[in-house]
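Take a look at the structures below.
The following pair of complexes shares a single chain, chain A, combined with chain B in the former and chain C in the latter.
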Partner chain A sequence: MAGKLAQLRSVDPSQYIVYVGFVLILIGFSIVLRDDGFLTTRNLLNIVQQTTPVTIMAVGMVFVLTAGEIDLSIGPIVAVSALLASLVLRESFWPLGAAVGLLAGAAIGAVNGVLVAYVRLPSFLVTLATMGFLSGVARWITDLQSVPITNDTFNAIFGAGSLFGVPSLLIWTVAIVLVGHFFYHETRYGAHVHAIGDSAHSARAVGIKVDRVRFSVMVLSGVAAGLAGLLYAGRLHGARYTLGETDLLTVIAAVIVGGTRLNGGVGTIFGALIGSLLMGLLNNGLILMGLSVSEQLMVRGLIILAAIALTLREARR
Partner chain B sequence: MSAAAAVPASAPPVLGLHNIRKEFGGVVAIEDFSLDVRAGEVVALVGDNGAGKSTLIKIICGVYPPTAGRILIDGGDVRFSDPSESQARGIQVVYQDLALAERQPVYMNLFLGREATTGPFRRLDRKRMIRESEELVHGLDVRIPSARSTIRDLSGGQRQGVAIARATHWASKLVLMDEPTAALGVAETQKVEKIIRGLRERNLAVLVISHSLDQVFRISDRICVLRRGVQVGVRNTRETTNNEIVSMITGLQ
Partner chain C sequence: MTRFVGRLVLAAAALAASTALATAGTTTGPNGETAVPAASVTLTPEQEAKIREGHYTAGLAWHTPSDYTAAVDRGAKDEFERLGIEVVAESDAGFDPAKQKNDVETMMAKKPTIILSLPVDPDTAAEVYRPALEAGTKVAFVDNAPKGFVQGTDYVTIVSDDLFQMGEKAADAMAAAIGGKGKVGYLFHDANFYVTNQRDGAFKETIETRYPDIEIVAEMGLADPAKAEDVINAFMLKNPDLDAVYVTWAEPAEFVLAALRNNGDDHTRIVTLDLSEPLALDMVKDGNVAAIVADEAYAIGQTLARAAAASLVGEKLEPFYAVDAIAVTKDNIEDGWFKSLHREPPASLTGG
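Entry: the complex of A and B
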């Protein structure tokens, strides 16, 4: 008995617990909500589509956390890039609007990256400050007004459109997760991201350009948040300063529950996807159960806490 | 990796250090250090704790810039601004703290910074890295469970074995070793000493730090003594005695 227990303990639970949790919660809601249309293709597809922006930011966040950094500024990056894109779309054709949204994310990420990698300030404080600054910018750009988007092509590509019958948000999710997985797990770049988060000092000693990799993950996260902004704008046919406001907690919870370590060097992209779907599932199920918004927030907070506690047990080994 | 052709006696030393000085914010760690290390030669660097031995190695490989002095590789002045530049010249280091990425597998550590890749996206060739790691580790007699084991699941000695395997594999000119046998058992220490002799046979230059004078006398051609940042002398190993080295280290007669 004791031997079995020790054997069980030696398995790293953080890597698979998200899958177990996902299945358990799926089964739980399927039973409780069997008469409320929870377990329908339409509802499940809906969940995937609603979580697309969070999933994409989670992919970026896996790179950032693995590199031993954090990006707290993703929420307002979403709003700023969505607003800038929609302003451009009033005057111009859709590729320019999309490019502006992505470039805004990249530029903000680059500012974060310079401050973290080259000025060598802690990313926690840098992005805390940019988060505050950008929330102001998001309110200031349009003076709290929302901006509608009437460009149908943009709204189709980044929102409710589909290609060969496959919803475009689903395509975005699959594409970004696969590309992210490839670069994270399969390439030399990904190996260096792991190495600098594991031990920046050792990485430098073997000749890895630590500063450059650090800078790049901050830019990557900025671009991911910029893309998330476009996807929100496309789905809602417009932008508003509140976009992305509450996503930071969801993204970090999704990533950590998915098996990525807060202190660097270890992570998984597929885990982050499942973590993100799990958050979407919770949201959806709690709404269908008829919980009030305040009840939803409390239940979600408790579940996230439980999940993180389970996941991080390994860290104290 | 083939042994270099015999170097004529007149060839410049692989490593030349001239009047190296290092201050850390006003505190002098190294004061006026000079030493040559030739190809096919093992020089031992000895001295008490805090004498400046590790600092010297970090200056040579580019972790720290010297405050003053010249570093020559093959007779030419160099100024490495980070370790990747010294690596490019065939210099490898076994750091005192080993410089391993603890949560990554052994094979990634052996290839860290010079991963085997294929294709335009520099896709990792894991199969090849694992295969070569297994050969390498096996060839050096480092006993680890597998090339896929995570570093932090290894013992201190096994970790040291990985760090030594990495340095000796990639070096083509000079190996700097900072207490490479500090965590090793008797048998493993003998293996590392054999590895060092192998490096000499490959005509590499070796600078090795050790606190074990017995070991120093077994493996080195020359012994350089550092006391509180000052180079107090270099002796041919065959022409000196344990007592002389001890009194040089401590400064007592």
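Entry: the complex of A and C
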């Protein structure tokens, strides 16, 4: 029943606007850039691969926003997780490095979660504080030095490798989006997340363990950011304190453009994927159009504004 | 406290490493390459004709937007235009190595013959330029090359400013402004960034070795440019009676100027690097700013573009070229501005 309810509620016209916008922009670029290699498999794959870390953080963020919370600390979690993983990889085998990166994300998410769910502090302020603290940690861990990763297996799994010809980053995108979609729409857990975002009071009244769910979404977001950190590190064969620094706004824009509500209760995982791809598509297409950097920034700003205006107008009806 | 000591030790080590050249008074490349004057990169009319016939294309993958990047960009574009090479893509990584990797990958869809770039993070940059290398694109760099890359096979060359000369000229300009003696402050860039590290180090080294009567009595590192204002306000509050302050580059120097104005201090002189209109305006009005040391940024782009084009017609290039630095003061503002950025100074500075 709760699952059905959640599904019904997630049918919101706002979530289809992004698909229309995405297709329109895709068609637009395909026409303008028909001779510029835009439609090559290679280039389209590039877009998916380049957006993988943002997509994965966006999946985590959909859960967080739907539960009526927010996580501003994902950027530095990316850097801390990538740096710790690469330090472990210097001495040890890759599963341990990967595990340390993910655990770092989970642990930071758990600290956020305890403060939000059990100490009852607002997530906006908690994660604003942890964001600042962790930026310091990221700089301090290696004293601003980059750490190279020479483990080929790690770099293949989290970076440029492939399985049966399918690039690993594409596999990560598809896997995380499908798993995220399943838990978000098809499980009791997903229904609880929705219920809390709608009304924590009613959710508690029907026996949902509100605190535990709140805690869990923060952990989930931390793990997603940790995984994003591993993916960046694998792609660059190394980690640096600036990784993820500029991702927070991209992730939030992707999620909101995708049709998830900033104030809870409504969201979509596929929408977040499309939102994230849209961001990557804009970066890619505007560079290929040969625009100067200033022009790229202006056009991107205008398109995102248009997309958000469309989505949010629909949502308000 | 331990962290601060650790930082000092590191800074000392970095200084020792990067300024082994200090006594020689020259800049070396990031891997110890000898600097060759940028003006020595030339093309014969026959080579130029051959380049024009090739209908080559180029992509520009910059690191972060600034006046400096804009001047390098202009120099490169002008030179490419002269040589009939079309610029097909341009990007800006905003200091993010992952974004720079995306940018280069994206550009490769247009199969440019040449990519000019400034690597954000040399330690991880090999992966950034790998797709270009695999496609046979000629890559030439500003300032630094990816770790593990070999000049001549993996990349064309590096063109940079004469970093040592910049720091050295800043020290000379400061000494001139305060009559060769006094107590000064030193605000350096507290990050592992070869360019600022070498400039800052050269300033300090020159003051310490050349000017026995000038004493650096206070120093502080700026790690995050966005937070520079707070750091600087604290620094100026703690050190109210300095004769001069060295600031690692123009943007934080604007905060120093603001702090001095707030305190009504018209004694302390500022010396910094990289041109900025607000600072220059203060300088021409006989304010706190004594000198701004600039590099010939336009010439960096021009030389880089020419070198990359030269490599297409089989010309063999040196691994590291450097352009000159200029100390811009009230007296030479018009010449200096044009030499650096290849455009007239803003009207506010020339009274025009």
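Methods note: the second predicted complex is superposed on the first by the 296 of 317 C-alpha atoms of A that agree within 3 Å, B and C clash if a C-alpha of one lies under 4 Å from a C-alpha of the other, contacts with A are read in each partner's own complex, and residues count from 1 in each chain.
Throughout what follows, a contact is a pair of C-beta atoms (placed from the backbone, for glycine too) under 8 Å apart; a residue touches a chain by one contact, two chains touch by 3 or more.
All of these numbers come straight from a predicted model, not from anything done at the bench.
Which of chain B and chain C touches more residues of chain A is settled by the count: it is C. In the superposition on chain A, A:36 makes contact with chain C only, while chain B stays out of contact range. Once the two complexes are laid over each other on the shared chain, residue contacts for A:236 go to chain C alone; chain B is not touched. Judged by the touch definition given at the top, the superposed model places A:20 against neither chain B nor chain C.
Of the two partner chains, chain B is the only one touched by A:201; chain C is not. No residue of chain A lies in contact with both chain B in one complex and chain C in the other.
Across the complex, chain B meets chain A through its residues 63, 82-85, 87-88, 93, 95, 97-104, 108, 112-115, 117, 121-124, 166.
Remark: chain A residues 182-183, 186-192, 194-195, 198-199, 201-209, 261, 265-266 touch chain B in the complex. Listing the residues of chain C that touch chain A in their complex gives 3, 6-7, 10, 62, 65, 87-92, 94-99, 101-103, 105-111, 120-121, 123-124, 126-128, 147, 190-192, 223. Per the touch definition, chain A reaches chain C in the complex via residues 36-38, 40, 42-43, 46, 50, 53, 139-140, 143-148, 159-160, 232, 235-240, 242-243, 245-246, 280, 283-284, 287-288, 290-294, 296.
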